[in-house]
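First subunit A sits with subunit B, and in the next complex the same chain sits with subunit C.
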Partner chain A sequence: MLRQDHYKTSVYKTPFHERTSELNILNEWSRWKDYTVPTNYFRTDLEYFAVRNTTGVIDYTPMVKQKITGPDAAEFVNRFFTRDMNKIGIGRVGYVVWCDEEGQVIDDGTVFHIRENEYWLLCVERQLDNLENSAIGFDVKIEEITDDIACLGIQGPTSCSILKAIGFEGIEFLKPFDIKHYDFRGREIIISRTGFSGDLGYEACMANDVALDFWDALFEKGEIYGIKPFGLDALDLVRIEAGLLVPGQDFMVAEDAIRPGSTRSPFELGLSWLVDLSKPVFNGREALIEEKRKGSRYTFVKLNIKGNKPAHGSYLYNQANKKIGTVTSAMFSPSAKANIAYASLHDPWNKDKDKIIAEIYYQKDLEWNRVMEEATIVTKPFFDPERRRTTPAELY
Partner chain B sequence: MKNYDAIVIGAGHNGLTNAAYLAKSGLKVLVLEKNDYIGGAAVSRELHDGWVYSNCSYVCSLLRPEIYRDLNLQKHGLQVIAYGGSVTFMEDGNIFGGYSDHDLQRREIGRFSKKDADAYVRFGRDVSKQCRFIKPLLLRTPPDPTSFRPKDLNELVWLFKRLYGLGEQTIYETIRFYTMSAAEYLEEYFESDIVKAALSGSGIIGTALGPYSPGTAYVLLHHYMGEVDGSIGSWGFARGGMGSVSKALAGALQEYDGEILTEAEVTQIQVKNGKATGVVLANGDEYHAKNVVSNLDARRTYQDLFNPEDLNEKLLKQVDNYKFNGSSGKLNIALDGLPDFPAMGKDNPLIYADMHFIDSLERIERAYDDWKNGRWSQDPYCDTLIPTMTDPTMAPPGKHYMSVFVQYAPPKLATGEWTDKDREGFGKTVIDQIGQYSPNFKDLIVHAEIRTPQDIENEVGLTEGNIFQGELTMDQMFFNRPFPGYAQFRGPVKGFYMCGSSTHPGGGVMAAPGANAAREMLYDLKRKNIVPEAENDD
Partner chain C sequence: MTRKNKNIAIIGGGHNSLVSAAYLAKAGFNVELYESRSEVGGMASTKELIDGYRVPGVAHLLHQTDSKIHKSLNLNKHGLAFAASGLKTISINPKGNALIFDDDSVTGDDITMKEQAEYKEFRQAMKKLAGFFKKSYQTAPPRLGSDETKDMTRLMSLGWNLRSMGKKSMRQMLKYIAVNIHDILNEFTDHEHMKGSIALDALLGNRLGPRTNNSAITFLHQLTGDLNGVQGSYAIPEGGMSSYSNALQKAAESAGVKIHTNSPVKQIDLNEENKINGLILESGEKVNADIVVSGIDPRSTFMCLVGPKNLESHYVHKVNNIRMRGNTSKLHLALSGLPKFKGVEPEDLGHRIINAPSMKYLELAHDHTKYGECSDQLPMEIIIPSIHDKTLAPKGHHVLSAVVNNTAYELKEGWDQSNAVVLENCLNQLEEMAPGIKGLIVHAELLSPKDIEDEYGITGGQWHHGELTFDQFLMLRPIPKMAQYKTPIESLYLCGAGSHPGGGLMGLAGRNAANEIISKES
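After this line comes the complex of A and B, so read on.
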């Protein structure tokens, strides 16, 4: 049990803190659940470009981690998540969402099929309550291991070269979403070809006591490959370009929602590919079947907006000046030189007839200005290089 | 013999941009390139096994983001990566850093003068005002001030409105600014010589003028514009070298079914009844088109490709008067490792930056004196970068590529044409200067390409090796570029256009002249304009 005076440590330091605090010359930190992690280390744009051009390293230890083990683990995850989990074989990772009984998305995350009868769920919000409630009748054990496992994202074109230089044999043969168990100085380290950047990249999970050794090896071998740490601000830039959502920003976490209509179903987030209605049972199935029949309330879209003023929080209108949606994430993409955004559209938006016009407010010399800029829907991620998929991975 | 709607002579980045827009508009377009590679002066070349050089232009600071976006250059493989700062090595062992972080920069200037540190804020504001005024002009056609056509009058009115929109004081300053020297301009703000020397550098790059020559204040601005382009990553290195810019533009062109033919040197532009009809290649092949566009500089175009009988005397005289004054050389160096620069200390991020080894206005002016005397500068201004600190694709891991842009080197020496021995001497001068600040630099050199203005002319076709296709001085700018009466991209015969840096807004890898020319051509062809306008900064 946690000590009674835990309040005295209001934020935790991650196992990498000794190194990240040394490199964080701007001394900019963000609270992430129990932990504090760098917002920016030295310059947001250079951190962003490290991810896009060489390798960026992010400490994402605070990500909530749950371990599901037991003889019924496979059946249990298939019941809990909306997609067909039988397709996530041993040594594979799958992107998942899960819903409440009304078919509204509680959270999204990644499931690591670590070994037989063992899955890890990495996500934003704690799920012990939900997982336990769904586990009635299943022979599974569910534990939270957030504080026991240190995690690094190692993202960017030279990432494979660096891991190979440390001595992780065969790392280049990992296909996207593959997991491999490695021995690092006598300890197990789990490396997966996954990440939040939309580029070639890996994630490494390890016991806390080996974290600093791994960090040091990474930065020592990575120097000639342009390795740099990156913070949450740069992460937000790469993830929007990559087409990835953040719960609590791009959609309301169903459990936190107070007001009706503020949540979204997977269909309303453009995630129908994660829903397998042919499965006999999973949370929210009936509601989703009903939604499929009646139609959804919202449509999630990626937008390419004219002009160069990011459409943060913009209202969207059609040509008749009727409000048809809201922007959830926005930025000017340094890689596409385009003004990009995610948006949630609703009635009376008409897919075939309507223009989408963003109302954008911005400041110049403290004066507020407003522009109305036309936007077009794009279907592909804004950043999607071939090397993201190529196996064996690109080596330098 | 084949027929096209338009033929573009020269696959430089502007020729490719121009062709891409014409093709995008639906025209059948052919680009003809004399070399066996495309890109002109925006090229990546593997001249030593394992090392790729940006062997002419080397940074991507001015490429118009509007064109980048509109032609989807990202999809065609272009990624411009930001890098940070600059550093000047001083004779006394000190350094002066140029940091992108505002407060760091103020503190750094304050090491030399507290007053200058504060003046830097004012300087930044004033230069930004000038940039704000000029940036929208980059993707517009200069009006002809003598014309009464509505198009020109409208543009003049727009221009005056914009000028008057600056406010009274800034109007006066703007007019002064365009005629001043970089040194004089800087002296109105700063007292410290090192600060002035470091900031004046961009006022002389590519131009045969010294920091005290009138007109260099503008050149300073021309280079400064990239750095204050607003959005993240609008300046930096093109990943894979500058050839990536050309490659991406060619990709865009080919997506719209445009064609490129290399090793196809055009020797003549055919004219019939005052109209361009096509071109003839060195091998005698002919290609016909109602529209012919030259990406070559003004002199090469009119003196080498036109039959003089097709041109009037006045134009020929204007061509003759057009100034090149080649003044720059370049070294591309393959290094076995990262050189030490003890004055910077270990782990200084300025190793990613532009490095300079000349620390006073006087030394820079003396370097210019050598040019006037027909010699390369004995103590040159070198804009030195190690792109491989940023870009992992240009040399093997742990090895490095150094790009050294050298000011000044004359197109012709007092002793005559450049010889191999001169070239070696020029290279040695530069290497020695860098070697003074880096003890292990010389030992790390595994290959060096030394390029004199003459080499640049012979290979790329830039007359006198002038990187801007003609000096960027007021008499050759805006509605005077390349010469009065021809500043709107149209040539003296119907269906003939210019699209290179000899036209507005001039040199630098901007892609603006090529796009501007395309806009005017589409206007003449009564086609819808598809060339993007400049984004509004306000």
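After this line comes the complex of A and C, so read on.
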């Protein structure tokens, strides 16, 4: 059940607020749904490098969380999401998207198959209404648990060592997307080997009242492993390198879109691998089959752009100077040592013939400059270290 | 695969199913029809009230039918004959001043020549507008946003039909389509009794008051049908209402349809890919079929027979939200003699008698409906079919059949508690209209919308399988994307009144569906 005391305070503090506010020396905060969380703690690039080189900790409690339970839970999620959910066994996590009746992506998220007949959906936008509408005829119960569960992302090469040092036995044997239920001082903590960084990393979900104890244990044992908190700005950098999309930035949430044509199907986001058209029924299937027949309107690509000026919001042109797309996310990647971006391409872009040229604006001493830089399409993730997959995970 | 070896299983044996079955069999398909009751015809049937007295099941007048279907299925040859046709409508009021409507003319109740002319003008204008609907009723409605030639032609022909009515009618159509019968009638005449009598036609079977929007559509809808080429005419078939269904049954059987009665369907059998296997009957028997056609209402079809798990959730949500709130009950009386209605000449008793003395009367009855109550002043359409058909009651005895509107499906008290109360109300009202009738009653029953739901399996007991309102009309009926009789399940089609063009005894939904199936599955 969601908290209902909005009128008392404009934003809520997360269960970790006592600690995060102490560490947030810049005092920079962002609103994320009903909560406030640090934008930056001390310096974005240093927070970024903590994630890449040691361990970064992010408070992602505001992530919307919904619990689906009941005898029909498995059937329910299989009809709701586009991918084959039967492949996500008990104790496993899956990345998912789901569509409206036009086959347009409503949101993306992760589904935790917590135990038999119990799934958690973690995502950006509230889905209670969609889930409830979809539940007609299924014996399931849908609960909003966002305010009941505190969540931390523990990401980086030394993350496994820290968790092991706290006493989570066997943590190194978790394979990517595995879930394990741990007892922490008499309370349950659910740890999964998942995260936004594209690196070795874990996510921990717990009841609000053990949040501070867990945080303290983490930072106490983590000190020698270089543990640092990181905020939303650094998160945005690691997730672009990891190849992960953000609804509302890389695509329009179908339900929020005002203009027809501004939404995207999974195919148009490069997410065909998440769509299983051989399933007899799921939301959006009919429209997606139709799209397969007619062809998609957009192509989603990862770009490697010449130069070192990030192509924030750039228009993309072909060699004939015709507009063929826009950049949705961009950064200079310190790890890939490349100027990287995500882009949505459209007609008259020709895959085989066209060059892609980004129109980049940047400032020097308040003066605006413009460069036209050629870009090439990259198919592999920008950042994909072997240790992300290695099991047992590396210990230090 | 050719039509010859494709098997079609039809669910339900109402008139639309029978029409569909006949056309499909004529086109060369192997057609079998499954009806849960012991006879076909659904709501257009005759039933035994008590030993020796038979009454129409629900529908009691042949009114809104389609003469093209009659002809092409040769219903006359298959035994359809009229015991009476061209029935007049006699509208009674408490003062005993009856108004008598006969096609475009009206007499009685101090009506002036001016008002008679107003009535004629109104009728002619409305018949012309209904003509627009009638044309659009002959095919599946266009699919909006489709780039198929068929849909574009249909959309254009809708526009052309509107344009070809001429400037005046086109303006009237645009002006009236979204308003209510109350406002339209007030433009034409001041005669309160006449206005009430006309307005009743917009309301029967529907959940509307005269001032409710959409009552213009329902009025025009009931005017679209014809009988022997006469628009808006009423008849009583010889041998009771089931003879209409029997004629359809014979037409279907002579075309090669196999009819199975007492064969309720449990579910539509789908394979692992959600494709049609056939049907599973309540008996457990499996029926193989290449195509399944459902003549029952869309909500029951999808929520019960297909199952919500086999549909994308937006379909489930929409089907679940089709408004199908029944509002109409049937009153059946076995009488030991002929009653005398105030203001009705004895030789006129065989005509259609209605109780709708003013629009205010109807609106007040609807006010109760809105709040889950039942007024003690209810609108009624009464006929005494035994005057025309002596087989319905013992010699000298009669049966009376009345459609009673404004008896909401979801009465606050529940029908178990209310049935006896509403019946008593109706009888008291009848006693007012026909003093002494209570003394003639041998037996009385009231079939509430709940009873109709239970007996005929129609959600909400809604006659039209879904209220006929602008948002559930043409390409929105029963829901967008299913309005062309096709459903999201491949080779499952709808042919009932829940589809375009809706209820009445037209059979057009059945025939249009058959045409779509013939063109898609050949």
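Assume the second predicted complex is superposed on the first by the 391 of 396 C-alpha atoms of A that agree within 3 Å, B and C clash if a C-alpha of one lies under 4 Å from a C-alpha of the other, contacts with A are read in each partner's own complex, and residues count from 1 in each chain.
What we mean here is this: a residue touches a chain if its C-beta (ideal position, glycine included) is under 8 Å from a C-beta of that chain, and two chains touch if they have at least 3 such contacts.
The shown structure was predicted, so the numbers you read here are calculated from the model rather than taken from an experiment.
Set against each other, subunit B and subunit C differ in how many residues of subunit A they touch, and the higher count belongs to B. Looking at the shared chain after the overlay, A:293 reaches neither subunit B nor subunit C.
By the touch criterion stated above, A:8 is placed in contact with neither subunit B nor subunit C.
In the overlay built on the shared chain, the residue A:282 is in contact with subunit C alone; subunit B does not reach it. Of the two partner chains placed around the shared chain by superposition, subunit B is the only one that A:48 touches, whereas subunit C remains out of contact.
Contacts of A:259 after superposition on the shared chain: neither subunit B nor subunit C is touched. Overlap of the subunit B and subunit C interfaces on subunit A comprises no residues.
Residues 72, 75, 79-80, 100-101, 133-134, 136-138, 280-286 of subunit A touch subunit C in their complex. Subunit C contributes residues 270, 272-274, 303, 307-314, 316-317, 320, 488 to its touches with subunit A in the complex.
Interface of subunit A with subunit B (complex): residues 42-46, 48-49, 52-54, 157-158, 161, 224-226, 307-308, 332, 334-338, 364, 369, 383, 396.
Note for the complex: subunit B touches subunit A at residues 65-66, 68-69, 72-74, 79-84, 100-101, 230-234, 236, 239, 349, 389-393, 397-398, 535-536, 538.
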